[in-house]
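Both complexes below contain chain A, partnered by chain B and then by chain C.
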Partner chain A sequence: MIWQLDLAILTLVIVTAVATIAVKDLLGCAILFGAYSFLMCLLWAIMAAVDVAFTEASVGAGVSTVFFVAAVFRTTRRTRD
Partner chain B sequence: MSELIPLIVAKYNYWLYIILMMIGLYAMIAKNNLVKKLVGMNIFQTSIILFYVSIGCKKGGTIPIIHHGIHAGRHVVDPAHYVNPLPHVLMLTAIVVSVSTLGVALALAVKIYNRYKTLEEDEILARLRAK
Partner chain C sequence: MKTAGIIIVLLAGALLLYATRDFPPWGALDSPASTHVSPRYLQKAMEETAVPNVVTAVLADYRGFDTMFETTVIFCAGIGCFILLRVFRQRPGDRYYRHIATEITLHIKGGRIPKKSSEFERIDALWTPYDLIIKTVCRILVPFIQLFALYVIAHGHHSPGGGFQGGVILGASVILLAISHNMRTAIDRFSEKTNNLLMAIGVFIYTGIGTVCILLGAGFLDYRSLSAVLFVDKIMARSHGIFGVEIGVGITVMAVMISIYNNLASAGKQDEGL
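And now, the complex of A and B:
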């Protein structure tokens, strides 16, 4: 494990998490959550957990984002917080 | 104080996981929108999965795969050279459980929207009390 790369991507993960819950648009929230999941996938590839990494890339960044976008299109994009 | 700072820096990943977990907990408790609450739940789950995978990690460890499988029986593999794959397998199950939880929760949120025409928690509660 390269700790400099680990620390940099972990910082990016926290920035993306804060942006995901702070943005005032649910579609933007869904897309930022996809970015969060993909950064998490990179973090697992760094930690040598390759099986978890490709499961997260397909299930977390793929299927979860599709679920969120589908739910937002069936409901509303507007949110107050 | 001077001996506390190296202790914090040496375990920086655990502190950052705790920050990530608290971000998820804040979103679950304080946000008013149901989809925002679900995002917070997923952030919380991934922080716990990160903690478990990070326990199995070791310095200079390779990925837990035998490189030349055709001679696999002839040499002894030392478990100290590769990272521990047991937390990976357990957390693989947790990822699949988390995405199925998300699917069920989003389906319930869509049903709630069809009935009350809003995703905000306080408006739903006000309409429930008004009945």
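And now, the complex of A and C:
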């Protein structure tokens, strides 16, 4: 495990996680959550849990982002609060 | 209220961070997880099941009962989305048809639905002209994605992957078709009825293999007894049993992913969507 790479990815995970909650735009929120899932996938791969990384990449970063976008498509663009 | 929420979240986060100090270091040999069960699986899985990927052996054989209910959970998620979102009785609402030669759009409000013809094509309310590049690239990509998904399911014994991942990728290929063309194109190729049937068939394959094991005189999901019907020795029978189970998981996951997407994107009407 290379600690510099680990630190960089962990920082990005926290940044994307906070950004997902903070962003008002729902579509941006869905895309940021996809980025978060992909960074988690990289973390699993670094920790040699390749099966989990594969699942995270296909389910978390792939299909669930599509589901969120499909759900956002059925809403108005911005929240009211 | 908002500040109270933030304080609670920060407190809970600090508690969790404090609790991680009790964790064994990453990959420690003397941690409880890697002292009893893990070494046994790592040493014996290959000779007992003939599956080089220990994760697959543990998921589908040693912990087969667990994975069976995981598949059932996904099946229930699909059924739940179907029941919540699907609109069964709908009046024929506004429809838009485009005359292909002259690109004139007709707006039909209720009443009789025109027959299918080669001169007119039905378009969504928010239709924009199809992008040729996106359409062509996606059409070429879909078969390769499906081939890769089948490889992931079939090669789960030797490399990372298996029923769940392969099923998700198979479902994603059909979803890609629905996104790049329109939802009706995808539903024409893969109808809702087939899809809902496949959701149940996948779980049926999994539990069916378990039941066959009982009928052959062993415990539920004890694949060794399958050697009598598959004409292989008991170790290879376990390997083949795992493969059969993975196929069931893959079918269920694929059908559930497509069903959830279709119901979400079309708000349960299954005709117009993203």
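Basically, the second predicted complex is superposed on the first by the 79 of 81 C-alpha atoms of A that agree within 3 Å, B and C clash if a C-alpha of one lies under 4 Å from a C-alpha of the other, contacts with A are read in each partner's own complex, and residues count from 1 in each chain.
Assume a contact is a pair of C-beta atoms (placed from the backbone, for glycine too) under 8 Å apart; a residue touches a chain by one contact, two chains touch by 3 or more.
Computed from a predicted structure; not experimentally measured.
A.B. asks: Just chain B (first), just chain C (second), both, or neither: which does A:5 touch?
C.D. replies: neither
A.B. asks: Once the shared chain is lined up, is A:27 touching chain B (first), chain C (second), both, or neither of them?
C.D. replies: neither
A.B. asks: With the two structures laid over each other on chain A, which partner does A:13 touch: chain B (first), chain C (second), both, or neither?
C.D. replies: First partner only.
A.B. asks: With both structures placed on chain A, which of the two partners, chain B or chain C, ends up touching more residues of chain A?
C.D. replies: Of chain B and chain C, more residues of chain A lie in contact with B.
A.B. asks: Which holds for A:66: it touches chain B only (first), chain C only (second), both, or neither?
C.D. replies: It touches chain C, and chain B stays clear.
A.B. asks: Looking at A:76 after the superposition, I want to know if it touches chain B, chain C, both of them or none. Which is it: first, second, both, neither?
C.D. replies: Touch partner of A:76: chain B, not chain C.
A.B. asks: Which of the two partners, first being chain B and second being chain C, lies in contact with A:44: first, second, both, or neither?
C.D. replies: In the superposed model, A:44 contacts chain B only, not chain C.
A.B. asks: Using the touch definition from the top, say if A:36 reaches chain B (first), chain C (second), both or neither.
C.D. replies: So A:36 only meets chain B here.
A.B. asks: Which partner chains sit in contact with A:54 here, chain B, chain C, both or neither? Use first/second/both/neither.
C.D. replies: Second partner only, chain C.
A.B. asks: By the touch definition above, which chain A residues appear in both interfaces, chain B in one complex and chain C in the other?
C.D. replies: Shared contact residues on chain A (touching chain B in one complex, chain C in the other): 1, 47, 50-51, 55, 59, 63, 67, 70-71, 74.
A.B. asks: Which residues, counting only chain A, touch chain B once they are in their complex?
C.D. replies: Chain A reaches chain B through residues 1, 6-7, 10-11, 13-14, 17-18, 20-21, 26, 29, 33, 36-37, 40, 43-44, 47-52, 55-56, 59-60, 63-64, 67-68, 70-72, 74-76, 79-81.
A.B. asks: For chain A, which residues count as touching chain C in their complex?
C.D. replies: 1, 47, 50-51, 53-55, 58-59, 62-63, 66-67, 69-71, 73-74
A.B. asks: Could you pull out which chain C residues touch chain A in their complex?
C.D. replies: Residues 26, 53, 55-56, 160-162, 164-165, 168-169, 171-172, 175, 179, 257, 260-261, 264-265, 267, 273-274.
A.B. asks: Would you tell me which residues of chain B are touching chain A in their complex?
C.D. replies: Of all residues in chain B, those touching chain A are 12-13, 16, 19-20, 23-24, 26-27, 31-33, 35-36, 39-40, 42-43, 46, 49-50, 53-54, 56-57, 59, 61-65, 82-83, 85, 87-89, 91-92, 95-96, 99, 102-103, 106, 109-110, 113, 118-120.
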